[in-house]
């Protein structure tokens, strides 16, 4: 059954374009999407996800499963980095462990989108408020990561580099992509509440266009991910194993929490994907600034070179299978 | 006069420019979106969208005495975050 | 009443995204829309405004208020720079005064668009031919500015820099943004006349997408405007006062002219906004080339750092209040 | 009759925007579409043409005229470069002749799109499988061009530059634009077959937006083409003549083949346009890498500076006239 | 041989290149989208979309005698519009 | 120490970087999207979209002995495809 889900997932345009991009690198085609075009897509996707999420949050209100789900999401993004940290410390130093842990505690918006597309193509309903969970899971993981550095490695850093709370909060909340996502969420919410004609006029841009831009961006992500593979090989088998096993483990915790929250299968899948995915936007940027001792090739090649493709291609349908098995469809 | 070439990650650009201003350079020129490889890192164009950014290449034409001041404030940044700084001779046209 | 209009204006997506951009700068978020993406939006908006304006000009024809309105617009864009020039000369030299005067005589297309969006959300009708007035007000103000330099400052310039008529016309008519706007207007007109199927096929691009791109661009404009504020402070309180008082004064003249022209409230607001707004595209570019003696930080920080946000956020609803008061709604 | 068709073609938005771009260069306007924005449009158009073509290929299947047309297209793209080569050898060396010949054997996707838009505005039906012919004609011409160099110029090259088959195939099949077009074609086909909901969700992006982006891109192409004209003058009258006469000649062969294939007038026009157009994307890139001895200004200024504008403005309606005359409308 | 570095506003690029061509330089290299600060102006990336543009950085490798010719035509432009020009030693690899 | 400036078509960038790596340079910096004119070609920005690309400007700071190694592998590429390479003096800040 899972193989049929995997096949159904693979044969959608976003995943196919992702393959096309990756294949271009393996075949040494000179296909290239020059900078800053990927940034355009990335900004657009964050803006559009946020805006749509805010709209739907306004429609759904804060009743029912909304608050519990968001709280659970926050707890997951505090808990997962701690688990990851202790596993990573087996082989890596404090700086690298904390940076990678933060990335896995945080989320990947594009993985989330791809999961949404998957649910659409399977005709499984889900709720817009899940985007709020998405937006809110970025910061806590960064905070945990930086705290781990602050606590575990105070002596290894020169005096002027002792981390300040102000800096930690700044990096976790005001990171460009976190800020745009949260801001657009708020704007979507306000627009839904006060300016219904604005909602309609945004729809062709944030709504109709979305799927196509997603495909275009995944084409680029395929190229980027494939170019990270060589440095993943250098990173060694411990990190390679981590980049596949950790998402599966996090997904398992996620599905149990989703079950406890009584989420329907659509929302449950999205919740699981949030737990299983790892950040390659907000977290790496924050870590580069605040923990330059960590090797960026480690947290980039694991999240982007392996976990991201794994989730996009195999993870989502596997997690769906997990959800179907563990959560009764009547929820 | 001297020419100073600084190459480092774009993310430290603001901090670096503040150092230059403090050292009272007469001016500077910035080229962003620069890539490269140093002893520690490979910086490639395809990662720019993540916000990790690329390198910046800063050129300063100035008198030798200003270089001393720059050195003291710039060196720690380069040591901590990586990057290179080289001086050569240059004279106004 | 005006405060309610201001609130209604502030709670639309374009203005909210403008705030989001400005706030990013104040909070020192690293949100950034890298060059040349803003240029893409700017080119798109000019092309789309022009095309739609040309279409509607074709539909409305040149009867009724069209020709008088356009003539009045031209007169305003000749008159306003003269008034501004004499006010600015109190404190500034000929070069700076002429450059700023030209900017305030010219128009800001994005302010115009935002006013249109405001009218939409208020369900107030307006006519497409106003875009023709927009397109036509850019050049005369530049010509006046350059003539002022030619007349008032011939001795302060080296001989080889004496301005030639050819150069003045070139800068005023063939400036990239003026040219694209006028050209697209003409293409829209021709398409409306000869190729109705083309009109329909352009609609998803120039029509449906417009509002979303406007929001995206205003996000960037928020960032850009906020980054101009420090240099505005350096420019001193005279220019700060000018950047707020002048639009209000120009709006007042504008509303009286609109009344004399017997324009309906929608068209009247657009006319007023044309008078009150200041150029940060065509005019600065032209001035940088032909009057390098003028300090660019002066004409940029006033128009972009203060007048633009003022108009977008407070100006438009205030001008609407003015129009409602001075122009009977039956017009 | 042809002049009326030319006029009808000229008065469509794509051609008008092309003129607007070209005129900007002649009038020395500073209108500019900075890099990499044209690349964005170019990537988008290839992706969208490919995807739509793949979809329609899935719908039409491989029956009827599909396979014969594609075979004929391949033969044309092998034959035309040979003819061109022998004509060009009259005046040019082996390297230049081979490079230009390859360009004329290959195709221009934007000319093809403009022809499609022309057919739309004329209400003449055509089939989606023609895009497959388009996609497939790029590579053979490159192969022939490189073979001509391999065969005709082995002694003039240093030993380490002897061309290898591997390299020839790589440049002809894995060139970025060929790869993206073929890949998107395949993805369109697979999506049509396995993911109908994906088709619908791509439509706003690949379908509705297409015409507008085409216009925007043609604005840039107008600028680029006009900037190539000076170097075309330097290239001399032989190449100028070639750049106009060759497309006409190739069109004539094309229309006869189309007649033999029993294509309807819409498909016939597209087939003729494929024969008559010359490549300025895939072929120049491939030639720059593998035949650096050829002067790039030759193959760029002919294809882009003259043949492209000629086809866009005059060629398409003239070929339509030819098709109307030589192919009975009942086909 | 000499290396000449010219930094000035992109808007004067065409004029500047004409000067270089007149002085018969063997070639030149242009980097656009450059920002910086000089004695008079701050040029920042976020204003590029307005058409004010950024700076251009032009490099010329040439014989010393050509520099004299360049100087005469380029100096007035730099004086009027702003910008800097510096010379250093450089030899072919 | 020495500074090497290489300017050539972006399309040869990978090949060129491989040469540098083989010569064991301590690092390099790459600026893409560079235009210019040489004895043979004009490279302009508006053609970048075709995939012909622009030039790349590569800077290497290294010891003199590495230059010899670079020269042997880089020179043939420059001769065949075009491009220039110049050396100047430079010292760490």
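Quick notes on this structure:
Order of writing sets the chain letters: A, B, C, D, E and F. Residues in each chain are counted from 1.
Just so it is clear, a residue touches a chain if its C-beta (ideal position, glycine included) is under 8 Å from a C-beta of that chain, and two chains touch if they have at least 3 such contacts.
Since the structure is predicted, the reported quantities are computational estimates derived from the model, not experimental observations.
Ranking every chain by how far its Cα centroid lies from the centroid of subunit A, the top place goes to E. Taking the CA centroid of subunit D as reference, the farthest chain centroid is that of B. As a whole-number value, the distance joining the C-alpha centres of subunit A and subunit E reads 45 Å.
For this pair, subunit A with subunit B, the centres built from the Cα atoms lie 33 Å apart. Per-chain CA centroids place subunit A at a distance of 39 Å from subunit F.
Contacts with at least two other chains are made by residues 31, 33, 45, 51, 88-89 of subunit B. Chain contacts: subunit A has residues 30, 34-36, 39-40, 175-176, 204, 208-209, 285 touching two or more partner chains. By the touch criterion given at the top, residues 1, 3, 26-33, 59, 61, 88-93 of subunit B touch subunit E in their complex. Against subunit B, in their complex, subunit E makes its touches with residues 4-5, 7, 31, 33-39, 45, 55, 57, 67, 70-71, 74-75, 84-89. Residues of subunit D that touch subunit A in their complex: 36, 39-40, 43-44, 47, 51, 170, 174-176, 179-180, 183-184, 187, 190-191, 194-195, 197-198, 201-202, 204-206, 208-209, 285.
Those residues of subunit A that touch subunit D in the complex are listed here as 8, 11-13, 16-17, 20, 23-24, 27-37, 40, 117, 120-121, 204, 208-209, 211-213, 215-216, 219. Those residues of subunit C lying in contact with subunit E across their complex are 34-36, 38-39, 41-42, 158, 160-161, 175-177, 220, 223-224, 227, 231, 280-282, 284-285, 288-289, 292, 296-297, 300, 304.
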